[in-house]
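Below: a set of structures, written as structure tokens.
The two complexes that follow have subunit A in common; it is paired with subunit B in the first and with subunit C in the second.
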Partner chain A sequence: MSDLLLAYQALFAFVGINGLLALSVYATLSCGQLSLANAGFMAVGAYTAALITLHAPGVPFIFVLAAAALLPALLAVPLGLPVLRLRGVFLAIATIGFGEVVRLFFVNWDFTNGALGLVAIPQRTGLVTIAAALLVALFVLGRLWRSRAGYALEAIREDETAARTMGIRTTSYKLAMLSLGAALAGLAGGLEAHYTFMVSPGGYGFGRVVEMLVQAVVGGTAAFYGPVVGAAFLTVLPELLREVGARLGLAPGPFRLFLNGAILLAVILYLPNGLVSLPARLRRKVLS
Partner chain B sequence: MTLSLSGVSRAFGGVRAVDDATFTVADGEVHGLIGPNGAGKTTLLNLISGLLQPTDGTIELDGRRIDRLPPHRIAALGISRTYQNIRLFAGLSAADNVVVGQHLRRHAPFWRRLLLLPAARREERAAREAAEAGLARVGLRERARLQAFSLSYGEQRRVEIARALASQPRLLVLDEPTAGMNPGEAASVGRLVREVAKEGRAVLLIEHNVRLVMELCDRITVLNFGKVIARGTPQEIGKDPAVVAAYLGDGT
Partner chain C sequence: MGQQVLNGIFVGSIYALFAVGYTLVFGVLDILNLAHQAVFMLAAFVALVLVENAHLPLWAALPLAVVAGGLIGLVLERLAFRPLRGRSDSNISGLISSLAVATILEAIALQFFGPDISRFPPGTFPDRMIRIGAASTSLLQLCIIGISVLLMALLSFLMARTRLGRQLRAVAESPRAARILGIDVDRTIAVAFFLSSALGAAAGVLFGLAFNSISPDVGRGVELKGLAVIILGGMGSVPGAVVAGFALGLIEVFTVEHIGSSYRDVVSFAVLFLVLVARPRGLFGRAAAREA
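And now, the complex of A and B:
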């Protein structure tokens, strides 16, 4: 029984961490920018937090997490100034480049044991901390929604040119959201490092940011809580179906990837506004 | 003098889309910009709103040069516009579009909303009421909650005008505000434009509906192949042989 609880606790912890990561991608998507730098920001946050804990164990955890969020947020500014001039696929490619640069930096940094990464990081976080972080992130994004700034973000997403001629400082808003997304990714990285005891560059590759993006899109980016729904769905579902995969004789890893791909395809084809649009859609179906 | 252009040119490669344009728009004046297709009218509006930079000449607003400023700064100085090929925020409701238009007029700091202060909620309610009043002014009160893309073409144009007015501009720039409207709608837009001018705002508009232009405008500037070929009151323009030859034809 206690084993079961422990297993579920880990699952919920990952729902929370993945939820933060999906929100970090949503932050830039909310103003129409597809930035894929967030695995890189997550790595910066994770390494920052891990290094502080390992080298200065006396620092209270809240400050460790603050540093894990702040450093990527600051890093996002010099990155964002040039790359946010790019649009669409060009921005995506440039930010993938940034993510790879960060990953390779840690692969080659001897101080952090290169590709092996840092191990034996004390476990300083649990479900409560992770849940609190997620709730704070949701609260801030929820207050942003439909505020003056929130409307400005929607305007930029819908038509950047029109937004500019209405006095909206589009570059500042885009930069702020890139920075906020970086902070959320870094925070998630710091939490994960202190939950799984280790950080290594391999955990922050291109696949990781694709995972965040898929979760955000599956949940739906029209509402600020959509990405968390997507993250919860795509984190829990493979666990529930683990047994099915095993019966079919499929290895859990590939089965999980296959399932993610199939769900993404289904959502894009049949539910382009994500899982959060499902209730409204069902209601319409029933009424008509 | 609100807006003054002197010697403004804009070349795209070898094409001089706007060539040495000079004219002024005064407070409370409705100024028409007319000319055949491809005369450079929309390019000129893009230069004024900062979406394009002139290759030559200066544009001043209240004596201050604006031709090197980014669009959001120009908007902050009091120029607001609509677009020939409607640029509403299609996914937002009509009212939300107008709320976005109030961006420069709202000064609610985000931290107030973050702390759930009642002042923030009051400010939002005021913004929403102002947006609904703005829509009522263009005759769309009952359309406030509908998504912009679900409105008819003429309604979308009117939402765009309401959105542009929401920033309380010194100069309202309208690019073919009555295109695609029936005569009744066009006449009501004409009345609205006169009302706006009466508030002391300057209005610069491109319009192909000749009768409306003649009735509505205090002064008219005629462009052809990027050049100003005539300036004056509607009566003067109607008699100008160069204009008649280039644009109005013999029928009027």
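And now, the complex of A and C:
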């Protein structure tokens, strides 16, 4: 078992980081909102953490991670407040813009080496830290699920107008979840920066958001653990399929992109509740 | 000053043409098609292949690429939007499925053309400069403005005066009532997608010619501008998108002139965000924007 862990350490680490990212998208999806700014939030977290480590090496890592989570969570408030009063599509639009602006900001900022980004960040995290972060995130979202607040979120997702009529403060809930998602994305960014030694604006483009979204949706957003299942599945899958892609004469980059798009489309059309709904669905089929 | 206005109108005409397609689908279907930018990008590549590999003249390649874009739009509608119709969460799942198709189209472009910038072969369009008063412009820029304005005028005529336009507006108003009145709603929506994607494709080819640089991620930057334009113009409003497109082009050119070029793309976001804060329905939009 420990040999397996050692051999695939990097893979497991990325399952954890991607799991956090998928959960960050799930946070907003759980109240029926689509936030496409999570790569931007991730970038803010990653740069925050990397800058603290590089310029103030004495700060304990736990505080570095806290800052990486807190700053995006705070940024999400002014972004979300005006648009969350509106229809869901406006959040998607505003967050697309925000993500792009964050990327451009880091490309143009000389202090962080522009498009090249920051390198030689000390490695301060390993599998244990990442797993712990993922467990904390799962614990928080698990407590939320099937709680009073969780039911409120579900009500907002099903019918926002009805939820508001019942006295649920829809805007506050949506804002809280956007902020929580931003914090998770920032945390994942901080962890990744200290695992891969580097951050650069190119790593936080739109493709990254799509990746998170695919993992969350494929896993399933009806249960809080679904996104982690999706992240694990889709992080391991390209490794398994690498041979297939090469044999078809497809370059690894486009092949992965294609796979993400095709799987996302198939799941949203044919399995809207994701992989975690598969057992119950099969059982129903067998019984009927 | 005159030069800046001219440049602004030139860039704005492409933004407007791109955004008109965006807003058309939103108006009819109430869904934002996030694959619009991918159609824009792929059409530019189609035109490039037709010019470079099939050695077609530009005047033949442009309409062919536009039709190809429209056909991609039909496939897109069939694949990503029609199956979701009537589902309770169709708004959010429509966004996601269109994103999925965009990703697939980008992967295709990346596989065939690589991540680097492709260019039209030299001499695709005659390189002629024209002076208008104190300002100078190229023949290409004037043609691009002309084609954009012509296409938008055609769309406005179609929407206002023809049977098809009436059907589109009826479906936009209420698909159910339109169906009762005997309108083939599915067909009308497919037509809206064809028109929207064809216009997006035209914008893509013109953009590729104007800046002579096409890459699989070229649509990303334009997408942000298109979103700013449809928000400013009012979601679903075709005249709004036209006015806002030119407005954004002018705002951008003057920002670059007075503040600096690295802020060019931040302008769109600033416009988008300010409109959402101050007047979410935009210049010409209907008041329904606030409803959940």
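FYI, the second predicted complex is superposed on the first by the 281 of 288 C-alpha atoms of A that agree within 3 Å, B and C clash if a C-alpha of one lies under 4 Å from a C-alpha of the other, contacts with A are read in each partner's own complex, and residues count from 1 in each chain.
Just so it is clear, a contact is a pair of C-beta atoms (placed from the backbone, for glycine too) under 8 Å apart; a residue touches a chain by one contact, two chains touch by 3 or more.
These numbers were taken from a predicted model, which means no experiment stands behind them.
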Partner chain(s) touched by A:Leu34 [first = subunit B, second = subunit C, both, neither]: second
Partner chain(s) touched by A:Val218 [first = subunit B, second = subunit C, both, neither]: neither
Touching partner for A:Thr161 - first (subunit B), second (subunit C), both, neither: both
First (subunit B), second (subunit C), both or neither touched by A:Ala152: first
Of subunit B and subunit C, the chain that contacts the larger number of subunit A residues: C
Partner chain in contact with A:Thr170 - subunit B first, subunit C second, else both or neither: both
First, second, both or neither for A:Arg143, with subunit B first and subunit C second: first
Subunit B versus subunit C as contact partner of A:Ala185, first or second or both or neither: neither
Shared subunit A contacts, counted only where both subunit B and subunit C touch the same residue: 158, 161, 164, 170
Interfacial residue positions of subunit C with respect to subunit A in the complex: 31-32, 34, 79-80, 83-84, 87-89, 91-93, 95-97, 99-104, 106-108, 110-111, 115, 217, 220-221, 223-224, 227-228, 231, 235, 262, 265-266, 268-269, 272-273, 276-277, 280, 289-292
Subunit A-touching residues of subunit B, taken from the complex the two chains share: 49-51, 70-72, 74-76, 80-81, 83, 87-92, 96, 99-101, 103-104, 106, 108, 110, 113-114, 116, 120, 124, 127, 163, 167
Contact footprint of subunit B on subunit A as seen in their complex: 140, 143-144, 146-149, 151-152, 154-155, 158-159, 161-170
Touching residues (chain side subunit A, partner subunit C) in the complex: 29, 32-34, 82-83, 85-90, 92-94, 96-98, 100-101, 104-105, 108, 157-158, 160-161, 164, 170, 205-207, 210, 213-214, 217, 250-251, 253-255, 257-258, 260-262, 264-265, 268-269, 272
